[in-house]
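Just so it is clear, A, B, C, D, E and F label the chains in written order, and each chain counts residues from 1 on its own.
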């Protein structure tokens, strides 16, 4: 592949911005944009934990994910008879990613719900949701610290996520919608500041793919996550 | 009442802004803000009409309404097992208001769905939705005209809506959440450029109220709607 | 309009009868007929209040509304996957109307549920429901008084409702189904013995309507409600 | 057992009345009362048949059953998230009973839906529904004949139903609610004018019961059904 | 009828096998086969009883019934939006049958749920479920005895069930799918070791049937149940 | 780790058996056992394809997954109000895996639904489902070939799946339930005969894990899949 359709190099992500404090009510919030994908992440602190967790003494972090009907190129129906399978898969992934970097014992009997609402969808909404949700969560935990609800912040390190894929035979970083629709392999990586992997999800969209392509995609993705971690750090520094 | 809690006079609405073209995909869109209430209105043009309307030869205009979970002061659950009664009431009201100013025979076999998604809720979300939706609808119909899908715009005149109410015994224009929560009477008015009424919905929250208070609220509301119609006109002129 | 299709004058309501004590089990009951519209209203007293109300110390009054499938000219499906939007709107309206004349602190920890089941529908079912429900509620509260569950009746005054509308350009009282289907404006009024307004809901079915038509409809409706309040008083006197 | 709690002999049914033509809209209707049990049966004729039956050339007869919330001694919730198991069992039984005496080929491409709505429930609501539904169905088929929709009536003979049971060791006919609640065996019989059985459903509520008790209950029930068939015949003769 | 399609005499049941202990986890289990019909019955003991039964001091026995999608000749959809009417009817029948032979006061605060999952369906699945479920229940109660959860087994006697029907004019025992589909009368009998009847459910599939056919079917079924009770006894003896 | 709790070496899978032709009705079927995990896989061939695929000219392969309530150590409720999120995730994974090795254009206008019903669950149910479903699918396609519905088999190569994980710090193959519950990392691999990857899903259950552990797990899993592919080949050869 000489060049991607929008002029990016294979190893180049889209421009990223993370704006914090975007809603007056949520305990933590972040509006993340990666290219034309925009996700509003709000973290809500609530007293109490789910019933099955009550005896543990620890808190809970969970996530919900949804798209506005016209976030997409053509209108998508609202999920008013329960979340679809894809939606449930995504919100479970976001929740697991956030919990992997949170010390839930430090939360005490509180639940933090991070809502990831996609305002515009141009590919990579689930990975942008994770990256933005981590910032909203960190801000909510700072708020809890300020209110004296916790003794120290429960987030151990930051977590970010990126998509990679094989497009026209070439491993590429951060696919947009057009690339994603035509990719031979599609993969999402979730990893932390210390370089640890949280989730690896790779899928052959057409033919099965060889192990060396998997390795190339992992290399590309880990480098891309470093960029995202830096953007998170900057946004959180600006919010202080 | 000497003065309202935010310093407004009884007959004074909150600052209003209407931003158009805010999403890259929708055929028409508007982001309306009245004070801290913010609603994203997107109009989607789709081929075809509901089955029950197919033989009529005319088009259809409908609306959906939802709140982001953290649009509110504390988190509200998503309506994932069908819209609640209040939500249905509101989206039926928005739809009726838009249809009252649209000549649906001119639409041909098309449906325009206007989604009103509340990003922040500080009172008056249903009236802001109507006022913003009218702008998004007009823009979508201009787009249809540009695409040659219709011969002339099907919107006959603009429609806007406002809330009025009795707060501490005084008739007030455009209640915010705090005022609304304590109002003795709560009323929504929907009216058009030519001064016609589309909907009048007044409710005693506590004791029944006398006819003369109804008349005072109607006076107040009709004046407030004029201001909103001017803001719509300005936004649409800027969008040309 | 020279004359209405059934020979009534514009300001003339349909014949009204209210029969009490029509079911052997309910604590209060009334069968109201306005023309061919017939609604069975039963009031059930139950111990306890909804969970969200438990700390208030006060009772609760709520309503449900439904139609028998063949109450209508052609058969309507049962609402077996939850009440439709229109049904929810109506039962919320009935509940609000009843609560506006009830002192719920006097009820103690009891809930009164008034079921309004439409046996025949010829227009005006929601207003007939309110007028009949008020009688059933009053009888249930008398029963509570007799049982020593309350110290005095919690209904402060009676409430009744009527529909008015513009038919063939003329403001008319108490529309039947045929008139309602062709009305230009449709309006429901709920008001009390002392002349207070509880709800005003006016809707342009076609073109928006001028303020003076609203005023004419209000005049017509308030007079019609007086007749209904008299019929309620007579039915309750007969029931003593 | 010396005597039943309401003074009836073991082989004596409750007083029965069947009133026809009780609603202005339905093609056939009957209000049946057996003691304090009252069921409104309306038969609605609709064009077309269910999709799975379209190729058969024959019509269809079906039934729905419901109780008003306060048909019962204490209030029962509406079945708004789908009919409960018991309700489905009953409406399937009513439908099968009606179809057993109908020649559906004569109906042509029409569906007759018989709604059985219980206004008061004092035991035996399912059997009263069948007995009343048969009358409403016959009237609807007479209407079809009058309209020229069918060439001759499709009902071959009448069908009726009764409950029998063992109360305090004695086989009894037509149990009311109080007897039903304490019965050792509960049985429903559906049979036709020509003495044919359509359904036999007997259940031990407590201990299993011997074959001779089954035989005694069958004898009692068949005699009771004769009385019901006579009441149907009289009601239909009066309706001519 | 000279001979049945599979060579059986009218009064001959299909070969029956009952295998116990077929799953490693359930407290009691039985795999019953009658001809090509195969049902896996597992009994699960759980602490606690349903809320409405809590004050009784007694335990509870309940049943669920389902078919694997390809248990049938052509694939049947899973019941993922709630059990269908037929399914509910069947599982209520299984539950009632089991409870008729269980002394629930002896169970203490425990619920036994017997799941009947049909692996292959060739007619008679509901009766095979009852016969197999009784064995699984007895084994679960022996397990409770072994664990010291009960003082003596709560099953008073065994219960079994069989289908009978009129095929080509002849009363036949234990119909398979092909016979069942063409039967004029279809009947299920549930009875106990001591010869008591628990349930009798006979239905005319086409024309109503005379009382003497009912009697013939009862005779045939009671004899068939004796064979099933013997097979249960053998399986339970082998399991000791 | 000296040794696994059941005596296996880290790189050793559980005993595997695949039995074919286990149901008389399905077009293809396989009962797979890996240790105590047992899954019944049935492939059903149906005419037609989902509506959204009709214009493509190609066929469709899909999968459903469910557990019997007592497949698990303690009873799990049936999913009667729609499949849970986890279930949807699994059945989407099975479907994607099967489609990755099927040439759907060769299927013509047919849908093959593979039902994976877990009879016993001791870890690895989703991977056993994929491995067994592939055999059932291949048999159904052979049946289609035999019936002349397709010209040649549409399965290009076999696909199998295995779980791997980090248990007590050691990478292990084919975790059972006890190991899975305590694993630090859990990973599922789906791969084909030609060595191509179809899916890679790795999740940190506790702390994030380093890239070299991912590489070790991939090595272990790919070797394990070879064993499964051999078992599939043997079962299919025996079925010829």
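A few points about this structure:
Quick note on the criterion: a residue touches a chain if its C-beta (ideal position, glycine included) is under 8 Å from a C-beta of that chain, and two chains touch if they have at least 3 such contacts.
Values in this document were obtained by computation on a predicted structure and should not be read as measured data.
Chains touching both chain E and chain F: none.
Residue-numbered contact pairs of E-F overlap by over half with those of C-D, the repeat interface among B-C, D-E or C-D. Two copies of one sequence, chain B and chain C, touch each other mainly through matching residues, since over half of the numbers at the interface are common to both.
Centre-to-centre separation of chain C and chain E, using mean CA positions: 52 Å.
Computed centre separation for the pair chain A/chain F is 29 angstrom, with centres defined by C-alpha atoms. One finds 60 Å separating the Cα centroids of chain A and chain D. Multi-chain contact residues of chain C, defined as those touching 2 or more other chains: 82-83.
Chain contact topology: the protein chains form a single closed ring, every chain touching exactly two others. By the touch criterion given at the top, residues 23-26, 29, 36, 40, 42, 44, 46, 64, 66, 68-75, 78-83, 113, 115, 117, 119-120 of chain D touch chain C in their complex. Within the complex, the chain A residues that touch chain F are 82-83, 85, 88-89, 92, 96, 100-101, 187, 191-192, 194-204, 206-211, 214, 218, 222.
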